[in-house]
Structure formats: structure tokens, C-alpha cells
Amino acid sequence: MSQTQTIQIGQRETTFFGKLRLKIARRTEGRAVILLAVVLIVVSLTEPLVFTAYQVSLGRIALIGLVALGLTAVILMGELDLSVASTLAVSGVVMALIPDVRLGVVVALGVGLLIGLINGFFVAVVGINSFIATLGMLFALRGLAFILSDEAPVRIVDTDAGIAFGLALIGPLTPRVLIFILAFVVLQIFVSRVKAGREFFAVGGNRQAAYDAGIPVKRRIFTGFMISGFVASLAGVINTLERTAADPRAGLTVLLASFAAAIIGGNYLKGGRGSIVGTLIGATALGVLQVAFTLSGVQVPVQEIFIGLILLLAVTTDPANLRAVLGSIRSVLQGRLKFQS
Amino acid sequence: MTTSSPFAADVVIEARNIVKRFGGATAVDDVSLEVRVGEIHAVVGENGAGKSTLMRVLAGVIAQDGGQVLVDGVKLETGAKNSIAAGISLVHQELSLVPEMTVAENIMLGYAPTRLGFTKSAELNAIAAKALEEIGVSVDLNERISRLSVALRQFVEIARAVARDPKVLILDEPTATLTPTETDYLLNMLQRLAANGMAIIYISHRIPEVFRIGNKVTILRDGKQVMNGNIADTTPDNVIDQMVGRELKLDLQSRRVANPGEVVVRAIGIRAPGVNGVDLEVREGEIVGLGGLVGAGRTELVRAIIGADNRTAGRVTITRKGKSAIITTFQSAVRNGVAFVPEERRVDGLALAMTVAENITLTNRHELSRFGVQIRGRISAFAQDLADKVGLRPPLITLEAGMYSGGNQQKIVIAKWLGRRPDFIVLDEPTRGVDVGAKAEIHRLVRELAEEGTAVLMVSSDLPELLELSDVIHVVRDGTIVGTLPASEANEKSVMSLAAGEKMVDA
Amino acid sequence: MAKETLTEVITVANSGEADVKKSRSALPWIADNGIFIFTALLLLFAAVFVDGFASLANITDVFHRAAPIGIVAAGMTFVVISGNYLDLSVVAQVATSAVIMLAVSNLYGVPIAMLAALGAAMMYALVNGIAVGYFKANAVIVTLSTTYIGVGVLRFFSGGSIFFGPEDGPIRAFGASKLGPIPYSAIVLIIVTILLAFVLNRTNFGFVVRSFGSNESATRLGGVNTGLVIIGAFFVTALAAMVAGWVLAAFSNTAVSSMSTGYDFQALAAIIVGGTSVFGGKGSVFRTLLGVIFVSVLTNVLVISNISFGYQQVALGVLIVVAVTVDALSRKVGKR
Amino acid sequence: MRKSRIGLASASLIAVAGLTLAGCAAADETATDAADTTEEAAVTGADTYEVYALLPQGNDQAYGTTYLPPMLAKAAELGINLTITNSEYDGDKQASECEVAVAAQPDGIILWPAIADTIRPCLEAAQAAGIPVWITNADVNPEDTELTYGYSGTDSYGQGAASAEIMCEIVDGAEIGIIQINGLTGNSVATLRGNGFKETIASNCPNVTILAEQPGDWVPDKSQIAASEMLTSVGIENVQGMYAADDSMIKGGIDALKARGLDPADFFITSIGGTFLGNPLVVSGELDGTIFQSSSWDGENAVIGMYSVLSGEVTADDERVALYMPNPKVTAANASDAEVAPEW
């Protein structure tokens, strides 16, 4: 008799709209999309130039977004990588120090991978909280950048190559933008289609379960940090080429900006929830906003206040949080009002 | 009662003289057992008797310090991958699903089929669907686990174990979160799987279940194997005696005569997620039991009543010594003499990393301080007194709560509330995962509370417990009270029929 | 009795999750007491091998280094122990407090200035606390955003202009005064440390902060208004940052919006080196003080050995990693 | 209960804080000035020039705070509509702002390089778009000059050198040791001033030895500690002098001497700035000399220079114009004169 008996789990949607609603309900980028929409509308009214000169806007988005993409890989696993900005600086300096550009690029990217490897080692093998491990790296690598560069910017030898690198390659798109798009596509496919990438969600969402299921958690963590390290060094290389010089203080504004992008993109810092797409949307919103600010020459302090408020809004309006707060307010009132009536 | 194995076939998994130590302590001490094809081998024992540890060893999750595990005569190397390869699946006590991944992905977690590293989603869904079909559960494969009800996730869990199409299936307390109907359903499923040639190792506190489906039984006590034989050759009472190692007077003494006083708690029109308008009263010295299936909304109801979770509507008033107050937030509840023993002990009940004394201090901090400054001397005396009162073993208040076993942890939770001499105490599954000995002591404490005039509201999926303790039982289904049974009319049948609704009674 | 305890511990061990604190390794002991030993060793080493370290003037310098960071760190320890990683906005808070102290005291006098700074601290505590405590938002991001906002507001009003008090003013007098080799700022640090240590270890507030850090849910279901606890933790941090701002302003008798750059992570570094766990629940204010002393002495030694800035940074980074590595390894050993 | 009390207290204190900030604003008109003038410039629509000013600092730093108002005033006067950006010394940010500026197709770009080495791509982009670029405050590298119409501002290296010259002068051949306090590590102005000082000392008066150098990050408190610790490291008896890359840092250095009960007057001390912090020290004799840098000259001439290009006075084929800010040496002799009176 039991054979015939079946238990129904979860809702079934058959209609097209039902399916659609379900799909949307399952996404995590809701607020990012809203923010982006608002930003785009406001900007299109105030600073239409942002769109006519879209290649510039794309450049800014790529500047913020690239590091953020790598960071997302780590955040998905519930880890943090504070060392990205310093990684960017070190790899830039290393590249500039090497006369041959090609070799320089290769070595710099290698440095990025190595840093990721070290971070991964401390987090996965030694078992240090990634927030702290990468905090240590943040200091150490920044110091290293100063030591290597003798505390001053380093010009690359072949400046012409650098200048050329800064120019549009396909249509109006500069190599930076193309690399950014490439990085996005690759990472998006990685976390949505590749087994190892999917398992990032398991590592972040329920690590014990991941262990029990035989997922090589440590290897995944290594992979994650190496991705963020590599992407950070990639950004370092791109900046160095485009600027024809490496600044040991580079990336000071990058760490915070890329975190902002990832968070606004709906990535959950405890891990397991989020998406590369979200990060892209977050970065786009921030990038467009910044370009608009630049065009209208808004004072930096005012810009900071703006960004801060948006970020604060982004974290406090996480659906779960919001529901909790509203719920408790309502329940408190509920009791009281009914009581008086 | 028991059906002997349909196959007279060979041993699938064999454990020889397994020894496992933690630090200096021996968790599993020289345990040997063997399970044949189509056989259901039950493992019983008090909490902390070593069952879970033994299972981890058998499943190759942790390495043993002595002895060896053989699967089809081949030595099993430690490591999740190895055990999966060897055809062993373990259904954990804790749910081990990934919230933001789909049902299909969870079922195939860790070994989704791939081509060049890319997941083959079609194939993945196919296998998952087949597994779900095999256990007769229907669900949207692309649904995120985070959007499924907690009680029902257990089935995805089991589907995963089955999907690996294992030779040996190990289940650790699978029915802990299931309703009788679901349990019954699961037990049938297991017998079916066994009949199809799977070797099953089944851990449970629930002796009746063991006797219903088990062929063989292993009893552990303090890590030692005190019995290993055919179910047919033993009796429930005998098993229980072996488990606790002493003649235990199972609490079958006649129920106390209750003489409820004034209404202490009055809840009106309670609504919350999973609760659809409930009115409820609890009187002084009365034990009100909430029966029903898991997922019926009992936990949600009690948490909404005391403000542990937000309610969307409803009013709760508590009346003590003539003064009545209104309960909104949980803080206001506690301020007005409410105590709460939550379902998830380790998560909601105790700070495991803090000492027993500290855990007890938490709820009594105002009494143990002057002008917000704690009085050290008073604290230790106070905590020690309570630890003794609830029969904590060992009564060391400087030990971390996490060092104690489930039963003792539950005693600590109760102790920290006893200190407040509550007027109203809510107990949610007070004896889940608690060994028989501790269970009896917790029952004693609940009775004493009622005797002293405390109003008691208890949720329990353990029918005998519910029937034995409650003065009146409200049966909850789909977030509403579908029936109220005074002690006199309450029995397993009457409660279950209300809880399950007529159509499922035969199940 | 003892035997029964043992068997109980055994049965506990069986339930798997429980970790039995039994180990023959020295590591756990080092992890727990390391900071004491290492601080002692470092001081000894410096006193013996580094010329001029032991001089009174230099000891004063070490105190000057330690004081502002130490006061901030002492306060931030509460946020860390409550399991909320850190308060990045101390950077904005210290600068705000310092600027307000000098700007306002020049106009309305010191008491008003103190009140005003207190008001600012209050606002930081409320915004951070409500967002983290009631909206359950991640502390790192919340305080990151309040840093943006705070620095923005400060710069918008104060610009980058340097505020300075009269050479003969009370602020100047305080900043320049010493007790033997010990500057008043260091005395403030010690007082703050003792005060906060008492609050953390002996008061109900401190207790619930630790309890919250150990298990949030259980603390809430113990009848604690966890939202207030978080606001409280951030308020303690804000007050400390405020005092640090005063000390800093008094030390140089000048204040500028950029003067507290880097205080966020430097303070956290000191807390971690002191051995307070970023997972919350475990830690102490005295450990933080030791951590601050260790870091300050190390930096001082490097500077008076004329080591360049880059190497100083590397040293700090390595120090952090080593500190937590010892802690992590010891925990692993403990598990076995 | 406790909640409401906190709420009340905070409410009352927020008011006070408001008052405070008002106080700050009052104490420092310039910030608000800047805002106002921006609007003025904006409203004078019609036949105005659109110019982007890409600066690495603004109201977030002391110099920028006093640099902007004269600049905006002059721009309004000459009918130039300025759009000002602040890259906070982040080369990448400025490069991106440069791209934006070029895309906006303004009549001209005033550029204050955040990092001289990283600016060439920006210059080439501007040239390609036919937008004239005027450099202000800190000049670009020699090989990049042909991409710009002109330069107005200081010579950071020269300032360091000038400060060194004062040092050599007052030391007058004596064999002494000094300590050096640098600006924020890696900052280009800091590097240039530092090198300018060092190399000039080495060439002009080898009798002066730089015993130690540490960064003071432009702020007095860090400088005081760094200075005091350097005194310890090299042995106070070996130190007869001190140089800091800016006045607010030398203030810290002098305080370090005072804190040790030493009289700064007995030491050879020079710095750069000529600010309201430095000049009083010179007058009081504690500071032997500093190099006056006029932020208002800097700000105004950036606009004037740009205007000369826009109005066609200066064309692409002309010789590159370079207006160097007079960097008078401020010593006890002239410290109180009007033209070197402190303005920032």
C-alpha cells in the first residue's frame, strides 16, 4: 500500500507566469536590479553623456567590477579576501619591474595565483578565519609593494605597448572592457554550470554537508582564493599597462568599492547565496553613478555620503532582515493596539 | 512482528572489534557486528552510548583507533569518497542539505555527473527524479531547499542516500523529525528497500520501530556492546533494561491528579507563518499538551504565543497574582514569568562554549547582580543548587555546556529557567534525542513544576510522553487546533486520528 | 566522583560534536598565554639589544604610539567579542571627535566640545547598532558604509583644514603633561582598559555581550534584548573612539580629518594579536592592551632601528598571521 | 524602558552635534565658499568655456581646501565653467576621470597629476581629442611635456632643494647630523621634496649628514612620534638639525624636541609650506626657515594659464609655457612681511 502513497514537496507551478514568478522568487539580485534601474533613470535625465560616452562608463565599470568578480567567488564560500587591493598593487609593481612586458604579465599573474595559494593555505589547511588571514596579507603585501618599488611609482619599460593597450581594440571597447566581459562570462559559467563551481554554494551554504558528500572542500577553498588572487593581479596588470606605470599605493579605493559592488549585488557574506550576475549589476550601478558624479563635478565628500547611504540601504534592506524588523514592529503594535481596544 | 531476512545471503558489511577514542576517552570499545544482504540491523543505546560514533566509523567518516571495517570482505579506508565508492550511504541525524542549491543538486551533491567538469543537468535531474520516485516523493527538482519546509527536507535527505543506490544504508535517528504517518511510511520504505537486497543499519530511540522492522539488534552502553542478536530472541523491556544497564521503572505509574487553578495564560486569535488563528488557555498547575504531526504548526504556535517568533496577529495576556500583563516580544514574556525550553537545544537553548554556570546566569542575571554588577559568590552557589536539583551528571557547573550529552544539556536548559520560578513554562519536544534515563528525570521535573502551580504548555511528538504527562491535549493540524481531548478521553488512537485527519489513520 | 566525571566525559565524547579538552601538546597553552610570553620576550630583547629602547624618552614614545590605538582597540574589543568582526567606522569617529574637540572648543569651550563629540559618538552607535542589531545586517558592511558617510560629512564641513588649539590652552596642557615617563594619554589608556575590563567581566552588560558572541539565538531566547546589546557594544566602541580622538587632538594640539587613517585595521590587529577570537564569545580587554603594547613596541623597535616603512608593514602582517596560526593549530591539537 | 531612555538622550545630543558641525563650518568658511562659487560659475551659462579640472585633492586636504576658492573665483571672473574632480591621489581613479573628461569634450582640461608617471595615456587621449591640457601644481615628467600647453605651479623637487639651501646656509659648513621627516609614503610630492632635499644636501653641503628618515604622513602627531623615535635611534647627542617636508610635520618634530626639554632654537630646522602653522614658528625662532608655497597663486594661475590657451594667446605650436610659483625662502628676516603672510 505504501508504494502507491506519495508525498508532495514544494509548490508545483504549471502556468507560464507561475513558472516565471517561481524563477524570479529564486533569484537573489532583486534589489541590485532596482538600484540599477533607479540609477539609470536618474542619470539618463541628469547626465545623458554617461550613455553617449558608454565606452568610458564601461571602462569605469570594468575598473570597479573586475576585482569584485573575483571577490564574489570567495564570498560565495562564506570567506573574505581583504588582500585583493594589496595583491593588485604588488602584481602591478612586479610586472613593471620586469623589462619584457610579456614575461612581466605572466609573472605578475603568477604572483596573483601564488598569493591566492597562500591565502588558501592559511584558510583551508591551517584553518584560520579568512577575514584575519587576508588582513595579515593586506598589510604584508602592501609593505612588499613598497619595498619592491622603493616607495615610488615604477614606469614600465615599453610605454608604447602600454599606451596601445589603453586604446580601443574591438569597436569602442578597450582590452580592459573585453577582459572584464570575458572574466564575467567565464566565472558565470564556472559557478552555474561547472560542478566545482556549483559546489562553492555547498561549501558556503552547508560546509559539513559538503564534507560528508565527499566534496573536496579544501580544494574548493584553494580554487576560490586563487580565482580572487588571479583576478586581482589581472586588474593590477591592466592598470599598470594602461597607466604605463605601477603605483605601490594602487587600489586604495578598490577594496571598498568592490565589496560594495558585491554586497549591493545581493551576495550574502555568510556564503551560499549570491551570484556573479548580481556582482556585475552592483558594479554597473556603482560605476555609472561614479561617472555621473565625475561629470557633474560633485565634491568627493558628497559622493562618499551618497555611496555610504546606498550601501547602508543595500545591507539593511536584505529581504530577510526587512521582514524580521517589520514583523517585530508589527507584532509589538498588534499586542498593544488590540489590548487597548 | 519481525520478518527474517528473505535472502540467506552473505555478509555485506562487517565491523571487527572497532575501538574509537576521543582524547583519553574511549567512545566505542571493541564493537563487532555484521549485516547481511536484505537485513535490517537495529542499533540502540542511550544518548552518548556511542551509536553515532560507531556509525561514523562504519560510514568511513572518521577513522577508528582499533579494529577494521570490511565491505564485501574488503577493508574500508576512511574518507567520504571511499565509503561512497564502497556503496555505503549515511543519513545523518542533522539535516545535511545545502539551502541555496536545488533539490536535484542536493540529491546528487558531490557526485553530479559531469563532462569535462561541466554538470550534465539532464542526467542529474533524471537520476534525482528516479531516486525520488523510488521513495515515492514528488517534488519540483529545481526548487531551492531553502524554500522547503524543515520537516519535509528529511525526505530529500533520504532520497539522496537512496540515489547512490548503496549496498549499505545507514540511518541515524531518521524518524526524529517525522510524524507517525511519515515514520510509518519511512519504515515501510525501508522494509521495501531491504527486500530489494539492501543491507540497512538503523539507529533509533524508538524501541517499537526497532521491533517492527529490525531483524537483528545491537545494544550499546557506554561504548560497549552489551547485546548483539536476533530481535526475535528478545523483548522491548529486555532491550531497555540492557540499554540503561539497570532495571528501569518506565514511568507507567498512574498520572497525577491535576487540580488546575485560575487561567494564567490566555492567547486569542494567534496568527503567524504556519499558524492560522488559535485560541488557547493554560491554567495554574495544568499541563497542556500539544499533539499533532511535525509541520502541523505546533512549534510555530508556541513560539508565536511567547513572542519567540513574530506573530502577525493575536493577543496574549498572562495573569499572575491578579495582575495581568500583555506579551509582545520575548523579553516582555520573560519579564512576566515565562520560561521556554526550545526544540533546538544546541542552537536556541545553550551557549555550548560557555560554562553551565554562565548558561544558568543568563536567565537569572538580574537576580544575581546589584546595580548591573554581578555578584560572583552568589552565582556559583545559585548555579550549583540548580544543577543538583535537575540531577545534572556530573554536577560540575564550571564545565562547558557543550561537554555534556544531550540529556544533560536539556537538564541545563531546564535548570536555567527553574531559577526564575516561572509562572508559565513552554516545553517544545523536551525529550527529543534524550536517553531513557534522562527522559524519566525530565518528566519528574515537569510534574514537579506543575505541582508547584506553574502553568505548563508542552509540545511532544512522543505520544506516550504526551498522554502520560498532559492533563489536556490540544491536537494541532494545519496551524489550527482541530480537537481537544481531556486526559480521560485521550489515547494514541484518538490523538492520531485527529492529528492525521481520517484518511491517514489506516496508514 | 572523579571516576564518574571521567565516564561522563567519555560518554560526552561519544556524542561526537563535543570536543574533549585533553592534549599533551604545549600549543594550546601557548595560544592561551602566548601574548604574555611574547610581549615579555620582545620587551626583554628590545631592552637588551636595541640601543636607546630602554631610555625614558623612548618609553614615552611607545606610550604615545600605544595610547590612541589602544583606547580604540579596548572599545572595539566589545564589538569583536559580540561576534561582529570589527567597527570600521572608528576611523571616521576618531577624526570627528578630534576635529570637534578643537574646532568647537575654540568657539564654545571644552565642555560644549565634549558634549558635541558625545553626540556624534551617540549617532554612530545608534546607526551602527540599529542596522546590525535590529536589521541583522553584516557589521563589516554597515560600518563600512557609516565610514563613508561619516568621513564624507566630516570633510564636507571641516574640509581638509587643520584645526589647532591655543598653545596655552587646557587641551595643549593635557597633551604635553607627563607623569614621570608616562604621558597622560597613556594613563587614560590604562584607566579606559581597567574600566572596560570591569564592564566586560563583571557587569550584566558585559556578560550578555560575551553570551551573545557565544550564541546569539540562545541569548535572545534567554530573554535578552539582543538589539540593545549590539547597540551597547557599538556605543562602548564609539565612546572609546571619542576619547581616543580627544587624546590624539591633545597630543599634537591639532586635528585634521585624515589623522586617524588606518586605525580600523590597526586596532583589529592589536585585538587579534592579543588573542581575542574573531568568532566572538572569547577574549578580554587586558589581552587587547597587551596586543597593543606588543604591536607598538615592535613598530617602535623597527623605527629606532631605522627600518623603512615597507618592512614595518610586512612585519605587522606576518605578526597577525603568526598569532592566529598558533591559535588555530592549538585548537586543532586540542581537538585530538 | 532602557530603550526609550537611550532614545531620549541621543535625540537631545543629536542637536548638540548639529551645532558642532555648524561650528566647524564657521571655523572654516572656505569649504562652503567653494560650494557657492561652483554654483555661480554654473549659472553664468551663455558664452562660457567648459573646463574640467582633474585634481588629486580638494576639500579633503589642507592645501586643496585653500587652493580651490581662488581658483573658482578666478574662473568665475574669466567666464570659465569649471567641473572639478578629486581622485584622492589614486592614479587609476584619476585616469578614469580623465577618460570621462575627454569624453565630455570640454574646451580644456586643467590637470594636477596624482602620479606623474601614470598620466601619459590621459595626455595622449586629450591630444587625440584635440583638448588642450594645462598642468597645475606638480609638473609631468619631461618626456610628457610636449603633450601639454603649459604648466603653472610649484616645483616640488625645487622646494626640497630650496629648503636644503637654507639648511646649508644656516649650518654654514659645520659638521652636523640631521633627521628627515617625509610625507605620506609613496606620495609623489613627498618623494620629490624628499629627493630634492637629500640630493641638494649631498651636493651643496656634504658636511650635513642625514642620519635617519621616516614618514610623518603629513600630520603632526605621527611626525612627532617618528621624530622622537629617530632621535632615540641615532642618539640625540648626534642630532643638531631636522628637516620636514611640510610645516604641519615640522610642528610635530619641534614638539618632539620640546617634549624632551630641548630648545628648538638650538637646532637647525627647515621645512616647506609657509603656512599659518609654519610662519609663527619661524617668527618665534623655533623654525629657522621654510619655503613659502602660495595655494592661491597656484589655484589662480591654473585658471589664468588655461585661459591664455582658450583665448588663443598660447597655441599648440608655441613654446610650452611654464609659470613657476615664486618659492620665497621664509626666514626670521621676512616671516612677518605681507607678501609671505600665511594664507593657508
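Order of writing sets the chain letters: A, B, C and D. Residues in each chain are counted from 1.
The rule is short, and it goes like this: contacts are C-beta pairs under 8 Å (C-beta built on N, C-alpha and C of every residue); 3 or more make two chains touch, one makes a residue touch a chain.
The model shown is predicted, which means the values in this text are computed figures rather than measured ones.
Asks: Going by the touch criterion stated earlier, list every chain that contacts chain B and also contacts chain D.
Replies: Joint contacts, listed by label: A, C.
Asks: What is the chain whose Cα centre is as far as it gets from that of chain A?
Replies: If we average the C-alpha coordinates per chain, B ends up farthest from chain A.
Asks: Just how far, in Å, is the C-alpha centre of chain C from the one of chain A?
Replies: Using C-alpha averages as centres, the distance is 29 Å.
Asks: Approximately how many whole Å separate the CA-defined centres of chain B and chain C?
Replies: Each chain reduced to its C-alpha mean, chain B and chain C end up 42 Å apart.
Asks: Provide the C-alpha centroid distance between chain A and chain B, rounded to the nearest whole angstrom.
Replies: That gives a centre separation of 41 Å.
Asks: Where the CA atoms of chain A average out and where those of chain D average out, how many Å apart are those spots?
Replies: Chain A and chain D have C-alpha centres separated by 35 Å.
Asks: Check each residue of chain C and list the ones that touch at least two other chains.
Replies: In chain C, the residues touching two or more other chains are 153, 155-156, 225, 309-310.
Asks: Indicate the residues of chain B shared as contacts by at least two other chains.
Replies: 329
Asks: Going by the contact rule already set, what residues in chain A reach two or more other chains?
Replies: Residues 146, 151, 299-301, 324, 328 of chain A touch two or more partner chains.
Asks: Would you please name all pairs of chains that touch?
Replies: In this structure, the chains touch in these pairs: A-B, A-C, A-D, B-C, C-D.
Asks: Given the complex with chain A, which residues does chain C contribute to the contact?
Replies: Of all residues in chain C, those touching chain A are 85, 127, 131, 134-138, 140-142, 144-156, 265, 268-269, 272, 278-279, 308-321, 324-325, 328-329, 331-332.
Asks: Sort out for me which residues of chain A touch chain D in the complex.
Replies: Chain A reaches chain D through residues 49, 53, 55-56, 59-60, 63, 146, 149, 151-155, 159, 162-163, 166, 239, 242-245, 247-254, 291, 294-297, 299-301.
Asks: Considering only the defined contacts, which chain C positions touch chain B in the complex?
Replies: Against chain B, the touching part of chain C is residues 1, 4-23, 202-205, 207-208, 210-211, 214-215, 217-225, 281-282, 336.
Asks: Mind pulling up the chain D residues that touch chain C in the complex?
Replies: 2-3, 6, 9-10, 13-17, 19-21, 23-28, 30-31, 57-66, 185, 212, 214-215, 217-221, 224-226, 228-236, 248, 251-252, 255, 258-260, 277
Asks: Show which residues of chain B lie in contact with chain C when the two form their complex.
Replies: Those in contact with chain C are residues 21-28, 47-50, 52-53, 56, 222-223, 308, 329-331, 333-335, 340, 342, 346-354, 358-359, 361-363, 365-366, 369, 372-374, 393-394, 396, 402-406, 408, 416.
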